[in-house]
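The same subunit A turns up in both complexes below, where it pairs with subunit B and then with subunit C.
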Partner chain A sequence: MAQNIIDVRNLSKSFDISSKEPGLKGTIKHFFRRQTKSLKVIKDLSFEIKEGEIVGFLGANGAGKTTILKMLCGLIYPSEGSILVSGYLPFRRKENFLKNITLIMGQKQQLIWDLPPIESFYLNASIYDLDKFEAKKRIKKLSEMLEIDEELFIPVRKLSLGQRMKSELLAALIHEPNILFLDEPTLGLDINAQRNLRKFLQKYNKETNSTICLTSHYMKDITSLCKRVICVHEGRISYDGKLDLLLKKLSPVKEILIVCRSEEDVIKLENSGFSVKNKNKNEITINVENNSITSSLKTILNNFDIEDLFINEPPIDEIIGRVLIKKDYDI
Partner chain B sequence: MISKLINRKVLTLLKVQYSNMLEYRVEIALWAISGIIPFFMLNIWTNNNLNESINISDIMLSRYFLCAFFVRQFSVVWVVFSFEEDSLMGKVSPYLIQPLNPFFRYFAQHLAEQITRFPFALIIVFFFFIFNPESIWIPNLGILFLSIVSTFLSFLIQFLIQSIVACLCFWTEKASSIERLLFIPTLFLSGLLAPVVSFPEYVKSWIYLTPFPYLIDFPANLLSGNEANISGGLSMQILWIFLLFPLFKKIWSEGTKKYTAMGS
Partner chain C sequence: MNLRKYLKVYKKFLHTSLASELEYKTNILFDLITAILSLIGSIFLLSIFFQNDGYIGGWNFEQALIIQGIYTILNGITNTWFNPNLTEIVKHIREGTLDFVLLKPIDSQFYISLKKINPSGFLEIILGFCLLLYCIKINQINLNLIFLTLCLTTIICSICILYSLWFFISTTTIWFVKTWNATEVLRSFLYIGRFPLNSFSLSLRIFFSVFIPIAFITTIPSEVFLGLSQLWKILLEVVIALIFLFTSRKFWLYALKFYSSASS
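The block that comes next holds the complex of A and B.
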C-alpha cells in the first residue's frame, strides 16, 4: 500500500490585488490613493496524494491550479492551512526537500540562453552535489530516454521549442527527484513532441515510482497520464477522484454511427426503440448506454443489413469543459 | 566539507558564467570603455588646477583617477537590474527551488564579468600610460595585494547594498528606482568624481561614516600611493560587510514570504 507523499489540509491563499478605474480621473485617483483588496484564490483545500501517483489538476484559467502547484513546491507561502510534502513543510525550502522535488513550467526556462544545454546540466549537477561521473551517467541516461543527443552541444537559443523543452526536462530531472510538479509542460509543443514528452513521463514514473502533479489544458496529457484528477473551480475542489469514473458519469452514452445498405433499414432501426441522434440517407447515429453496448451491437448485427459501423467516444474536451464550469461533482 | 561543496558549486557557477560572459565580449569591452568618467574628471581637475587646493600633485592626481577607473571596473554591480528582470519575468522561480541561493548565480555572473573585463581594462590603462608616461609607477607587492583585497571588499559592499535593494522587488516591482536614489550619493561620495579629501572637513567626517568612500576613494588612494589609512579603511570595509550581510539575510527571508511568482 503506497503511502501519502503529499498531505494538504484546509489550504488557502490570498493575494493583495490593486485595482484602477479607467481614464485620467482613475489614474490620478490611483496615484494618490491606491485601492487594494485581498483576493482569496485558493479556498480551504484538502487532499492527499500517494507515492507514485500521477495526478492531473484541471481547471479553467485563473481557477488556482498553478497557485496550488507553487505552494506544493514551496515557491509561495500559504495564507492558511498546512502542507506536508515528503514529510517537509515546502516553504521552509530545506535542502533535502529541494533535492527531492522539481518544478517544470512550460515556456519558462532555467537553461542558460547563450550556452549549450550541457553547460546548464553540469551546473545543476553541481548545485545538487552530484560528482562529475554521476552527472555524466545521468545525462547519458536521461538524454537517451528523451532522445536528445547533438542538441546537448548546441546553444539553447538555436534549439527548437521541442528540443528546448526536452533539455529543460533533463535539467530539471538530473537530480532524480521523487516528486515532479509540471505546470503546462506541453504548452506550445507540436503533436509529436507532446506525445514524446508524455511517453517519457510515463516511463520516468514507471522506472522511478515518482509522484507527478500535472496541470495542462491539453486533455490528451491528462487522459494518457493521469488516473486521478483534481478539478479546481474558483479555488475550490469540485471533483477529486478517478478520471474514468468522472467520464463515465458525465457521459453515460456512446454514439454508434451505422451505415446501412438501404434506407429501409435506417427506417427500421429508427423504429426499433433506439435513441436516435440524427440520420442521413442510409446513415443513422444512435446513442447507446455504456452498459448495454454489447447487447445493442448484437441486436443490430443480427437484425439489420449493415455495411459498416463506428463507435464514437464522446469528445473528452467537451465533457471536461462541463466539469470546469461547475462547482461540485459528486460521483 | 560544507565550504568544499560551496566552493565546488561556486567554481562551477563561475566557469559556466565565464563561458556565458565570453559570448558577450564585445559588450563587455564597450562597458569597460564606458567607465572612463574618472579620466574626464581628471581632465577637469588638471585643466582648472583644482588639485592645488588639496595639495595633490598632477601626477598623484592622475594616478588617483586611473586607480579610480581600475577599482570601478572591478566593483561595478548591476544585480538589482538582473534580479528585477528575472523576478518580473518569472525566471527566479526555478532558482528559488534549487538548493542554492539565487544570489550566488548573480555573484558568479559579476565575478565572471570582471574576469572578462580585465584584459580590456588593462588595454585602457596601457593607452593611459602612453599618453601620460609621467604617471607610470609600480606599486609594491604588499600594497598591490591590499589594494586587490580592498577592491574585492568594495565589490562585496556594493553587491550587498544592491542585493538588499533588489530584495525590495518582493514588495515593489520596480526596485531599480530605489537604486537610482543610491546612485547619487555613490557618484558624489565614493570618490569617482573627486577624491573625498577635497570635501570640506565637516562634510568629510560625515562621509567617512557612510560606506561610500570605501567603494572607490579608499582602494584608489591605496593603490595609487596617495595618503590612506590602511587599517582604518580595511576595518570599515569589513565592518560594513558585517552590517549589511545580516540585513540582506533578513530582508531575503522576509521577502521570499511575499513572493508571488508572478510571470510564471
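The block that comes next holds the complex of A and C.
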C-alpha cells in the first residue's frame, strides 16, 4: 500500500491585507495612514496525500488553492499547523527536499526569454548538479515524451504559448522530481495543447509514480487526471474524496433521451412511472437515478419500440460550479 | 557549500547572460559608447573644479583622478553585476518569480546576485584600471606587493560595502514591494564618491562616512594609492565591509520569512 507523502495537520495561514477607499481623499489617507487587517485565508486544513496520487484542488478564485500549494512546496510559512512533505518541513527548503519537488505555474515562467529553452535546461541541470551526459539523456527523454524537438533551439520569445509551456515543463522536470505542484498548468492553452499536456502528465505519473497536486479552472484537467479532489471554499476544505463520488453526490440522476418509433410509445413511457423531464412528438427525456440506469435501460429496451437512445451526462462544469459557491458549502 | 557546483553554475550564468546580451548588438554598442562618454565627461567636470584653485580638500587634480579611476571601476562593477541583478530583485518580488529562485537547490542570494551580467560594464572596469595605471605614472607611485595587496583589499571591501547597501535596500522590497527609487538614490549618492571626502563639510563627512559610507568606498582606496592612508582606516574599512556583508545576508534570510509571493 502506498505511503503518505504529504501530511497536513490543522494548517492555517493569515495575511496582512491593506484596504483603500476610492478617490483622491482615500488615496491620501491610504498613503499616510495605511489600514491593514489580518485576513485568515487558510483555516484549519488537514489532509494526507499518498505517493503516486494525482489530487486536484478545486475552488473559486481566491479560495486559497494556490496558497495551499505554495505552503506545500515551502514558499510561504504557515501561520499555524504542521506540514510534512516527503518527510521534510517544506519551509526549511532543505536541498534534498528541493531536489524532490517542482512547481509549475501556468502564468509565470522561468525560461530565459531571449535564449532557446535548451540553454535554460542546461542551466537548471547545473543547479541540480547533473553532469552534461545525464542532462542530455533526460532532455532527450522528456522532449520525446512532450513531443518537442526543433522548438528547443528557438528563442523562447518566438515560441507559441503551448510550445513555451511544454518547455517550462521540461525545465521543471529535468531533475526528475517525485512531487509535482502544478498551478493552472493549462492556462491560456488551446484545446489540443491542453490535451497533449494532460496526456504527458498521465504518462509521467504512470512511469515515475510521482505525486501530482494540481489546481485548474479547466474541469477537463481535473476529470481526466484526478481520481481524488479536494474542494476548498473560503480557506476550508468542503470536500475531500473521490471525484466520482462527488459527481454522483451532486448529480444523482442522468438524463436519457429516447426516440420512439411512434407517439404511442411516448405516451406509454410517460405513464410507466419514469420521471419525465420533457417530451416532443416521438421524443421523450427522462431522469433516471445513477444506481438504476442498467435496470431502467433493460425495461425500456424490452418493453418499448425504440429507434434511438442517448444518455446525457450532466455538464461537469455546471456540477463543479455548484461546489464552488457558498450554498453548497457542506457537501 | 559545494564550491565546484557553484563555480559550474556561475560559468553557466556567465554563458547564458552573455548570450542573452549578444542577442541585442546595437544595445551593447550604445552601452559601450555611453561608458566612454561618461568617463570623458566626468574627467572634464573634475578638471573644471580644479581649474582656479589647484586643490580641493587637500587633493590636487592628479590625485583626484585616482578617486575617479576607482569610481569608474566601481561604477563598472555596478553596471556589470549589481544593476542587472539587484534591480531585478524588485521585479522578482513584485511578479512572484522569486518562487522559482527559492525552490532551486542553490543559495538564493547567490542566484539573484549573480545570475545576470551586463558585458558593457566590463569596458568601464577596463577604463578605470587604465586611468589608475595612468595615475600611478603621473603621481610617481612605487608598485610593490604590499601596495598592491592593500589596494586590492580596499577595493574589494568597497565593492562589498556597495553590494551590501544595494542588496539591503532591494531586500526591503519584500515588505514595501516597490523600492526602485531607493536604489536610484543610492546611485546618486555613488556620484558623490567621485570627490575626496575632505572636500565636504564636517557634517556631510560624518553623514557619508557613518550613515551611508559612500565616500568611504572611494576615498580610502585612493588614499592607499597615494600612501596617505593610515592602517586603522584600512582595518576599519575591512571591518565595515564584513559587518555590511554579514548584516545584509542575515537581513535577507530574515526577510524571506515574510515573503508572501505574488498572487496568481
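Quick note on the criterion: the second predicted complex is superposed on the first by the 325 of 331 C-alpha atoms of A that agree within 3 Å, B and C clash if a C-alpha of one lies under 4 Å from a C-alpha of the other, contacts with A are read in each partner's own complex, and residues count from 1 in each chain.
Please note the rule applied: a residue touches a chain if its C-beta (ideal position, glycine included) is under 8 Å from a C-beta of that chain, and two chains touch if they have at least 3 such contacts.
These figures come from a predicted structure and were not determined experimentally.
Asker: Do subunit B and subunit C fit side by side on subunit A in the superposed arrangement, or is it a clash?
Answerer: Clash - subunit B and subunit C, as placed by superposing on subunit A, overlap.
Asker: Looking at A:D114 after the superposition, I want to know if it touches subunit B, subunit C, both of them or none. Which is it: first, second, both, neither?
Answerer: After superposing on A, A:D114 lies in contact with both subunit B and subunit C.
Asker: Under the stated touch criterion, which partner chain does A:N303 make contact with: subunit B (first), subunit C (second), both, or neither?
Answerer: neither
Asker: Identify the partner contact of A:E184: answer first if only subunit B is touched, second if only subunit C is, both if each is, neither if none is.
Answerer: In the superposed model, A:E184 contacts subunit C only, not subunit B.
Asker: Touch test for A:Q35: subunit B only (first), subunit C only (second), both, or neither?
Answerer: In the superposition, A:Q35 touches no partner, neither subunit B nor subunit C.
Asker: Going by the contact definition given at the top, which residues of subunit A touch subunit B in one complex and subunit C in the other?
Answerer: Residues common to the subunit A contacts of subunit C and of subunit B are 15, 70, 73-77, 93, 95, 98-99, 101-103, 105, 108-110, 112, 114-115, 119-120, 122-124, 126-129, listed in rising order.
Asker: Which subunit A residues qualify as touching subunit B in the complex?
Answerer: Residues of subunit A touching subunit B: 15, 70, 73-77, 91, 93, 95, 98-99, 101-103, 105, 108-110, 112, 114-115, 119-120, 122-124, 126-129, 172.
Asker: Give the list of subunit C residues in touch with subunit A in this complex.
Answerer: Its residues touching subunit A are 2, 5, 8-9, 11-13, 15-16, 19-20, 23-24, 95-97, 99-100, 102-106, 257, 259-261, 263-264.
Asker: Give the list of subunit B residues in touch with subunit A in this complex.
Answerer: My answer: residues 5, 8-9, 12-13, 16, 19-20, 23-24, 90-91, 93-100, 256-261, 264.
Asker: Where on subunit A is subunit C touching in the complex?
Answerer: It comes out as residues 15, 66, 70, 73-77, 93, 95, 98-99, 101-103, 105, 107-110, 112-115, 119-120, 122-124, 126-129, 155, 183-184.
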